[in-house]
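Same chain, two partners: subunit A is paired with subunit B first, then with subunit C.
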Partner chain A sequence: MINPRQLFFIIALTRISALLVLLPVVTAGNALQDAWISVIVATVVAILFVWLGAYLAMKHPGKSLGQFSRDLLGKTGGAITTGLLAISFYVLCLIRTRLVSLVIISHFMPKTPGWALAIPVLLTAFYGAMMGPDTVGRASEFLFTVMALIIVVSMVMSYVWSAERVAGLKPVLSRGLRPVFGAAVPAAFLGLMSGLKVLALGRFTVEEHKMPKATALALLVSGLVLLVVTIDVLTTLGPAQAQAYVMPVLALASSVFIEGILERLDLVLMTAWVLGITFDVTVLLASSSILIGDSLGIGHRKVAAALFLLGVVPVSHRFTDIFVMRQLHSIPVTGIWSAAICVGTLAPVFIAYLIKKRRGGS
Partner chain B sequence: MRRIGLTALIVFLALGCSGCWDSVEIEEVAIVGSMSIDKGQGDHVVVSLEVINPSALASGTQGPIGESPVVSVMTRDEANTIPAAITSAQRRTPRKICTGLVGTIVIGQALAREGVGKIIDYLVRNATVRSSATLTTCDTGAGLLQRPFMFPLPSRTLAGLGESALASGMTITVTLCEFMARLSEPGIEPITMHTVGRKIKDVQVKRQGDEVKQTDPAVMREQPIDVDVSLDGELPPDSPILNPYKETSSGEFVPGTTINIGIAAYRGDKLVGFLDDHEARGYLWTVGRVEQGTIEVDDPGGSGKKIALGIIRSSASVKPVIDDDLIRMDVELHVDLETREAPMHTNVNNQTLVQALEDSLDALILREARATLNRVQKELKTDIYGFGNKVYRKDPKLWAELEPRWNEEIFPNLEVNIQVKSRVRAPGSAYSVANR
Partner chain C sequence: MKPRRSFGRIPRPIGTPAEADDNRQDQSELSVDLDENLRTIESILGNASDLAVRRLALPGEPQSSLAVVYLTSLVNTENVSLTVIEPLLSLSDVAYRSAAMAADPLESLRLTLPTVRPISTAGSMKELIDSLLEGKVVMLIDGASGALYFDALRPPTRLFQLPTSETTVIGPQIGLTESVDDNLALIRSRLKHPRLRVEQVIIGRKSRTDVRIIYLEGIAPREVVDELRRRLHEIDIDMILDPGVIRDLITDRPYSPFVMERMTERPDTVAAEVNLGRIALLVEGSPFAMLLPSQFFTLIESAEDYYLNSLSASLLKLLRAFAYILSVLATPIYVAVVNYHFELVPLPLLLNIAATQEGVPFPLPVAAFLTEMVLDVVREAGIRLPRQFGPVVSIFGAIILGQSAIQAGFVPPGLIIVAMMGTICSFAVPRAEKALAYRLVRFPLLLLGSILGFPGITIGSVALVYHVASLKSLGIPYAVLYPPGHTARLAKKLVRTAEHNQPATRPLAPTDKVRRGKVPEPRDPKNGD
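On to the complex of A and B.
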């Protein structure tokens, strides 16, 4: 079992790792210097939707979405709503695994084949999923401390701010509000997917009444970290150039060094990020297996083993490259994906819950 | 199941120690400390790399008697592109060239005049080159041919000279990242540090009866070389730009020295001119970036002598004023100073004297700032101050209309009101030298 504090760590950690990779608020859309406003919009939207998920999990203690959606919508309806979220978790797990290998290859190890990096990450995730939520919860406490290093480093980076640069953050909105909301879409999607893990992990969480608060707080804290990093990126690299980088956070780290103390900030960030993203992949695989297992009535470890074997080829193959990854984090793809999750999973389950509640069901 | 998982994990993690594919032993690496990119014949670029020998650096001069360890080697290769030139250098280097620790990148004037776009593209795309590397523009193509002085490495000598100029408030260090940010931002043009390099003329002098070589002081009085931009890419074979410090007798390149440091002003990716050390300070006043240095003013007490003041800090606040048909910049400069030297018996505790001193400082700083601003506006016509960026941030729609005409028409005639508020904050450690 995990406690609400560990749930907070898990969700915050996975969202920070997921968002740092491509920093979609900066790279997607055209918000430019106003991208930091997109972070706030994305965080607020993600909290609103995730709170619904956490509320449902709280109202069904000891059950995952796979179990209580079947109670609310029947076997077929439950399978569809759960399947949509479970498959999304699984696809994201594969995308992130591939992305880790691509980023490491393109920035540090050009000769290393993708599979040599991707398979160990997926295997680690599989091992974590096999160990179960208890182990994942305990690991989150340690790893969050490591990721806290990123937060501290981000703060240290902020020393490169100058009054003039920070004054430059005054909203320009040169193209209106549309680019700001557009840039918020991928970030809101990633926040949504991080927070909705509560629908799988809620089954293993004690003190269920604290789940909504822990989940919302996790999104808020990760949103603050993202805000600091985004402002650092915008003020240091320049909005237009930041948009052009494959991984703006690494470019930022490569432009800052603290003489006599830390020369290769990019390596520190990269190490912390790889740890964080491996953990994220673990939680995604575990959540996906729990949802599928509960929906089909089989053990989640068996499902995790099957998913691992299914994923070995996609994460190793060359058909996904960094261009594909950018498209997968684009506004249209993440917008449609978010809408599908909200309309296909959250809305039917929540409406069914309200109907059942009105009819006097528990 | 868990045992199988654990075993598989260990096996695959062992495989995943994937340094095997990209592993390079430190003894097999040729570390590049700095890089110079100059114009070659036609469209070619000449890439010079300062390859460091770490073991010689570590041993210093403590090597075996009679053996002088070579701390760095300069390679010089010409090709169509920078990667091709580096590959060419690699062919003649027994170790793998590593550009991950490049600290200084020097661009030759002739190439900078044509545009540094492709250089910047190479540097930004190359994930191993750090964005914290300092960019410098040299008036010749001999940026790296610096005679080492008080540092074993030429690049470190050059960087040290840059730091000294910075401490004199007469230049600014610009990293690759900052250059990129200025290049991509609307309404602000890039700058770099600018170095004037000269071939050293040694003269024989007698010291304690022995003849020794000494740098001819005349070298230090030379002016920057200005490239004729009408050459359309072809420079005469004997041009000092193409053949920096080349000995006519032996054909060898010899180290020179940096004799002046200022600021190079770009418009877009093209160099448009240089600001010498004094002009550079005029620019730095207006952008509030003078952080150190000394300033001399006439003694307001009427002694006819100078008072020297140390600059503690400076800041600038720029406010764009946009009326219907008028754009004006209101610039307010704040400068904090302390007295470093004054004519004997001058008491800087005297409020009247301090006020007069501050008035003199205001006038001097204003004169320096105005002189540079005039030159940049009328001659260089490039908005290195970022006034256009202020307009963009205040009124993006207006900026969209003005942007095509900004550097050529609007910026040169822009009204800039500069107000200076200097403050002598301290007398040093004594108010005056006591009278007998």
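On to the complex of A and C.
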């Protein structure tokens, strides 16, 4: 079983990892100097929707979405709503695996074949998923601590606060709210997907009444971290540079070096990111296999094994340009995806729950 | 609870002639004929040279005889003489008859004998033989279909010595010995509490080894004690010589390189850990106690931490944690940096490293593997060799061999420095038995660092974290950084403040009242304020 503190670590760590490298570019691309406002909007929106998911998980202790959606919507309805979320987790798991391999290859090890990195990441995730949610929960304590230390040190080293740099954030909302909200969509989607893992992991969480608080707090804390990162990128590189770079955070970190001691801070930051993203891939694979397993009545380890074998080819076949990955995180793609999750999974299950409650059900 | 897997059991051959004999022996009742019983005993023990049989006549009944049987190698013969032979010889028939309230001669004898040890009754030949082999004195009476026995064991033992594997500069300088009773006395003298429980389990069909389970009732979790008891009772093995054998049979994950049971030869450590809710296992014939369940953070704890100044103890713990990380990661990181991420290091250092790489025939990863393996071999040889030769091997291996390898250009000097640093760091970790895990863990990380650089080491480290996080010791998670209900536990693991002379919380019994060492308010003796 995992406790609410571990749930907090899992969600916070996976959200920070998912967004750390991508967030400044996906937000600055649309909102320019207002990207930091997009981060705040995205965090608030993600908290609202994820709280809904955590509330449902809290009301169905010891059950995952795969189980309680069947109780609420029947076998077919439950399978559709659960399947949508489970497949989303799985697709994101494969995308992240490819993304981490592409970033490493393009930035640090250009001669290494992509599959040589993608397969070990997926294999490690598979191992973690096979060990079960207890293991994932305990591992999150160690990994969150390590990653938090590295990020804090990296940010402190790369950040120099000054009035001139803050000027890079002005003028505020000069282009209106539309680009700000637009830029918030990918960030909100990634936050939503991190937080909704509670619908799978809630089955293994003790003290279920603390789940909504732990989940919301995780999104809030990770939102603060990402806000600092975004402001740091915007004030150091400027909005134009931030959107021009493929990975602005790494570009920012590579501009920092302490002579005689450390020449490449980006490598240190990248190490933390690989650590976090490997964990994120693990949680996505585990959540997906729990949901599918519960929905079909199969052990989640068997499902994890099947998903791993299915995923080997997609993550290692034909490594294309990294810009394809950016397109997968664009506003249209993430917008439609978010809407599908909200309308296809969250809304029907929540409405069914309300109807059942009104009729005097559980 | 999930039924435990049956791995680790040593299969016992079924249906062998020896086992058939054992079974027959199990079933045979004692005869009323004394001579027949004695013949059977001699036959089963193969006319053992240390088997002593002393025949006496019962007081006032010259026609009825008594036999005192024991193994001279195991029994304190002086004790036998004082408590059995002499009293029986000097006993008048009146006194004997007055004790014989019951018609049973065995009961009469039991009431008569002046031994302080409890006297038990054996009904079968199997029980009688087992008693003899456990160092008990057996008394058989002609015409009685049973036997009496009491403990008179004189185990071969040695004087208390320094704990050689856990030396400390300050603190008690006494180690456990091979005698389970002496060890128990050492523990009881440090933990004089009425709730200290000592349970005996006999394990080993042939060795009949005396194993003691020691715990504090109400503090050690009952379900953990029950689980340990169950696992111990289920062991089916011929021989137990050391707690290490038991460890392999009761561990949750026998194929993990991480040792989840802590071994110690310090009675103060046993007492301190039992006080924290752990369970100690003592095994007759071994100077080591096994502490269960163990946790990952005990890796950086030393017995000396209790006796040092709080600041020094805390700094030493941090230093050991750093040494552990370095011992695992030093060589893999060096190989990754030189092979893939050379831009990470400052230019002057990079030029130095590049210069030393010049002319080395092997690729760096191969040289690193060879160096690590040679260092492990030297280390292993230094431990296994007699004490007089150990330092010679270490000096030869580390200095002469290392220097020659550098001069011959086989390995770069930088690699030797890093590998040696990692090896020395592994010695800074107090748990000697866990050093094996470091060596095994280093090689896969070195492989990943050689192939995939930093990302490879990171991915390997995450897999390692998963492995450690999945481990359980007697069902208790082996690695928990933030146990529920104790926000500042990590800090307490690393830092020992003066107010917390005792660890502030019991890792296994968090609900138990915490007894913190209270620090009296300092006052100036001259002013009285």
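In this section, the second predicted complex is superposed on the first by the 337 of 362 C-alpha atoms of A that agree within 3 Å, B and C clash if a C-alpha of one lies under 4 Å from a C-alpha of the other, contacts with A are read in each partner's own complex, and residues count from 1 in each chain.
We adopt the following convention: a contact is a pair of C-beta atoms (placed from the backbone, for glycine too) under 8 Å apart; a residue touches a chain by one contact, two chains touch by 3 or more.
If you're wondering where the values come from, they're calculated on a predicted model, not measured in any experiment.
Is A:Ala139 touching the first partner subunit B, the second partner subunit C, both, or neither of them?
Touch partner of A:Ala139: subunit C, not subunit B.
With both complexes overlaid on chain A, does A:Leu227 touch subunit B (first), subunit C (second), both or neither?
neither
Looking at the overlay, what does A:Phe108 touch: subunit B (first), subunit C (second), both, or neither?
In the superposed model, A:Phe108 contacts both subunit B and subunit C.
After lining up the shared chain so the two structures overlap, which partner does A:Ala148 touch, if you call subunit B first and subunit C second: first, second, both or neither?
Neither partner.
In the overlaid three-chain picture, which partner chain does A:Gly238 touch, first (subunit B) or second (subunit C), both, or neither?
In the superposition, A:Gly238 touches subunit B alone.
Look at A:Thr278 in the shared chain and tell me whether it touches subunit B only, subunit C only, both, or neither; answer first, second, both or neither.
The answer is second: A:Thr278 touches subunit C but not subunit B.
Where does A:Pro120 make contact in the superposed view: on subunit B (first), on subunit C (second), on both, or on neither?
Both: A:Pro120 reaches subunit B and subunit C.
Have a look at where A:Ser174 lands relative to subunit B and subunit C in the superposition and call it first, second, both or neither.
first
Would you check which partner chain A:Val333 touches, where first means subunit B only, second means subunit C only, and both and neither mean what they say?
Neither: A:Val333 stays clear of subunit B and subunit C.
Where on subunit A do the contacts from subunit B and from subunit C line up?
108-109, 112, 116-117, 120, 124, 127, 131
With touch defined as at the start, can you tell me which subunit C residues reach subunit A in the complex?
340-341, 343-347, 448, 451-456, 458-459, 461-463, 465-467, 469-470, 477, 479-482, 484, 490
Give the list of subunit B residues in touch with subunit A in this complex.
Spelled out, the residues of subunit B in touch with subunit A are 1-2, 5-6, 8-9, 12-13, 15-16, 18-19, 21-22, 124, 127, 130-132, 175-177, 180-185, 288, 315, 389, 392-393, 396-397, 399-400.
Touching residues of subunit A toward subunit C in the complex: what are they?
The contact residues of subunit A facing subunit C are 3, 5, 100, 104, 108-109, 112, 116-117, 120-121, 124, 127-128, 131-132, 134-136, 138-139, 141-143, 145, 259-264, 267, 270-271, 274-275, 278-279, 282.
For the complex, which residues does subunit A have touching subunit B?
106-113, 116-117, 119-120, 123-124, 126-127, 130-131, 163-164, 168, 170, 172-174, 236-241, 244, 250-251, 254-257, 266, 301, 305
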